[in-house]
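To keep things simple, chains are lettered A, B and C as they appear, and every chain counts its residues starting from 1.
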Amino acid sequence: MSIWEKLTGLPREIVMTLVMISIIIPALNPLGLPLMTGQMSQDWYDAVDALPEGSVILFDIGYGSGGYPSLGPGNIAAFHQMFDKDLKIVIMATALEGTLMYPLVMAGVDPEGNYGAVYGEDYVFIGYVAGTQTAMAGVLGDLHDLVTNDYQGNPISSMPILDDVNGADDIDLVAYVTTSGDIAEGWVYQAYSQYSMDVVGGTLSMMTTSIKPYYDSGQLLGIMDGIKGAADLEFLTGHAGDAIVSSDILTFSQTLVLIFIAVGNISWFMSKKEVKS
Amino acid sequence: MDYKRDIPLAITFLVGVIAIGDYYTGIEAVTQTFNVIKNWGIVLQGFALGLGAVNLFRVHGRRVSARKEGTDWVFSAVLLIMLAVHIVIGLMTGQYEQGETYNWLYNSIYLPISSTMYSSLAFYMAYGAYKVLRARNFDAALLFITAVLVIIGNTPMFPAIYPGFFHMREWIFGPIVSGAYRGVRIGIGIEAVVLGIKTLIGMETGYLGRR
Amino acid sequence: MVTMDPQIWLAAFFTIAATSYAFRDNVVFKFAEYTFIGVAAAHQIVMGVKNIRDYGWTKIMEGQIIYVVVFVLGIMLYARFHREYYWLYRFPIAFLVGNGVGISIRAAIHSDFIVQISETAKTPLITGDALGTINALITFVGAVTAIVHFIFTQEKLHEGAIGYIPKIGRWLMLLAFGASFGNTVMSRFGMYQGRVVFLLRDWLQII
């Protein structure tokens, strides 16, 4: 077996072990490389920054444990920006695990401690609403007709933040963070298409290409592009977190992938040449 | 008339038309009716969430009661125990997923397994890139080029050395991705509308199940 | 030093168990896999019951007795598991499908079709600078040729000189899919690094 054939056929265990090492080493020894922020994340930041104090944001936690490592840090950074600007946040979940992501995110934001925010006055969490687009249409159509209590069972009639929020007309911006294509499209359909609302969306990086047409056509004002977008938001809001930490890990692991691609292709071409000759 | 199929098809048509009518007409009666349909739909979705679990009970329950060699019935028993324990803990206190014990179990079991399984595809991506991502022909070379350029642009080290890599990545996501995916998105839109209309008029009946 | 928190130990065990499949299939992974399926299904039931209580039962308690009909329809969904009366589940499913289809296609026509086409049509191809013009041309050509690529009912469109139009569409889509692949690599590694950081920081406490 020639060297090229050996290089083409590295066992799976070796490849996986190298991948593992490429993630562990930078986690132990961070490099602190500079970040370059993308335009989509900048536009998300600017869209929220342009809102006057007291504006109402409807925020959808549309992801679960699978997306938390990538999107959780971005969600936290987004909330930091919103609380910092004294915006009113009506939080809901269209994902089954959204209600379990909420305490994790709020532990990272600590709105009461950091911003003096009061639950029920500055923010409220209405919990999980089943039905994806049906839920979106219901909340934007007539919130008080659909929702009676918040996620803990407290009546929303006792929450001052929702006194003047009945539906789409009373909401200034819709923001969502999701791992689901249905939810990502659904908010564009239900918020922008139905009510011409401003919408910003956060998704996994692999979904960015499919929702980019909405961003290009102005249906989305900004996109938080997975872990990269989360790191950008952390940088822009000045609240460094797990996403910025991840960029060093991505340096090593993605460089390893590039090496694998190079080795795989070179050895394949060379072994083909050997066979021909 | 086969009322077991025709009435459901009529329901699909009627509900769909009301939903579409709410969007395109300003008729108050249609909007009010659609509000009712929306709210009913949300409750029905809640009922639908249990269908998967009931099916799991049936399938794995049969496996456990049969205890056939080579059917992993022991793991089926583990599944059913976990299912039952979590349902009891979730529903018993009346706090559902907000309960302390439920949260503890979620953070100990569900979250780590789910996030790891979802993300361990990273290993397969790396292995796939090594084994399969080859510039074998012109078409494959096109995919290969942008994949490599985007990975380079996404890797913070390379833009730190030369910012042009990041701008290249941004440019690829500009005209190339925008143009091509706009075409794809229009195609998806046409497909979704056609499939939707076929469903509403009763040409697509797969959702009704067996005859 | 290593944490003594049992929750973190359990989470670390399941993280390692789920990762082990990348190396080879094994009993520990199978245990984690089946546990996950069971817990996921249980979570669906818990959230389903809560949803029914919050959006259905509270309405009945408020006096909207009509929601009893919704509860009956919901129970009819489970008729699909019955050999003889499975057809009863078609009624609630028809409601859900009609609702879902109606809600999504009404806006899809606007968002996925009208807005995309109008943006393609109204964007000026000749801009003030060379790069802007090139970008606008690539975007326009990409959108149009990608749509043409999907017209399979006209065979002549894919033959001869005119066949280069859908071919260009395919090439541009392949370039875009390569970009998507590149982002997918980042996405997956971005997710997995979170688990590694958890193991090193929260479990082993070495960072």
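As a convention for this text, a residue touches a chain if its C-beta (ideal position, glycine included) is under 8 Å from a C-beta of that chain, and two chains touch if they have at least 3 such contacts.
Owing to the predicted nature of the structure, the values given are computational and were not obtained by experimental measurement.
Participant: Which chain's C-alpha centroid is most distant from that of chain C?
Facilitator: A
Participant: Going by the contact definition up top, give me the pair of chains with the most C-beta pairs touching.
Facilitator: Most contacting pair of chains: B-C.
Participant: With chain centres taken as the means of their Cα atoms, state the distance from chain A to chain C in Å.
Facilitator: 14
Participant: With chain centres defined as C-alpha means, what is the inter-centre distance between chain A and chain B in Å?
Facilitator: Result: the chain centres lie 16 Å from each other.
Participant: Mind checking the centre-to-centre distance between chain B and chain C? Centres are C-alpha means, answer in whole Å.
Facilitator: Those two chain centres are 4 Å apart.
Participant: Of all the residues in chain A, which ones touch at least 2 other chains?
Facilitator: 12, 16, 66-69, 96-97, 99, 129-130, 134, 137, 146, 194, 205, 208-210, 213-214, 216-217, 228, 250, 253-254, 257
Participant: Could you pull out the residues of chain B that touch at least 2 other chains?
Facilitator: 23, 38-39, 41-42, 45-46, 48-49, 97, 106, 110-112, 114-115, 117-119, 122-123, 125-126, 129, 133, 144, 147-148, 151, 154, 173, 177-178, 181-182, 184-185
Participant: Which residues does chain C have that touch at least 2 chains other than itself?
Facilitator: 22, 43-44, 47-48, 50-51, 55, 59, 99-100, 103-104, 107-108, 111, 116, 119, 139, 176, 179-180, 183-186, 188-189, 191-192, 194-195
Participant: For chain C, which residues are in contact with chain B within the complex?
Facilitator: These residues of chain C touch chain B: 6-7, 10-12, 14-15, 17-19, 21-22, 30-52, 55-56, 59, 67, 70-71, 73-75, 77-78, 80-81, 86-87, 89-109, 111-113, 116-117, 119-120, 134-136, 138-147, 149-150, 169-186, 188-189, 191-192, 194-195, 198.
Participant: Considering only the defined contacts, which chain A positions touch chain B in the complex?
Facilitator: Within the complex, chain A touches chain B at residues 10, 12, 15-16, 19, 31, 33-36, 38-39, 64-69, 96-97, 99-100, 103, 129-131, 134-135, 137-138, 141-142, 145-146, 151-152, 194, 205, 208-210, 212-214, 216-217, 228, 247-248, 250-251, 253-258, 260-261, 263-265, 268.
Participant: Of all residues in chain A, which touch chain C in the complex?
Facilitator: Residue list for chain A touching chain C: 12-13, 16, 20, 23-24, 27-28, 66-70, 72, 96-97, 99, 127-130, 133-134, 137, 146-149, 185-186, 188-190, 192-194, 204-206, 208-210, 213-214, 216-219, 225-228, 242, 245-246, 249-250, 253-254, 257.
Participant: Sort out for me which residues of chain B touch chain A in the complex.
Facilitator: 23, 35, 38-39, 41-42, 45-46, 48-49, 97-98, 103, 106, 110-112, 114-115, 117-119, 122-123, 125-127, 129-131, 133-135, 144, 147-148, 151-152, 154-157, 159-160, 163, 166, 170, 173, 177-178, 181-182, 184-185
Participant: For a test of understanding, state which residues of chain B touch chain C in their complex under the given definition.
Facilitator: By the definition above, chain B touches chain C via 4-5, 7-9, 11-20, 22-24, 37-56, 58, 72, 75-76, 78-87, 90-91, 96-97, 102, 104-126, 129, 133, 139, 142-151, 153-154, 171-190, 192-193, 196-197, 199-200, 207-210.
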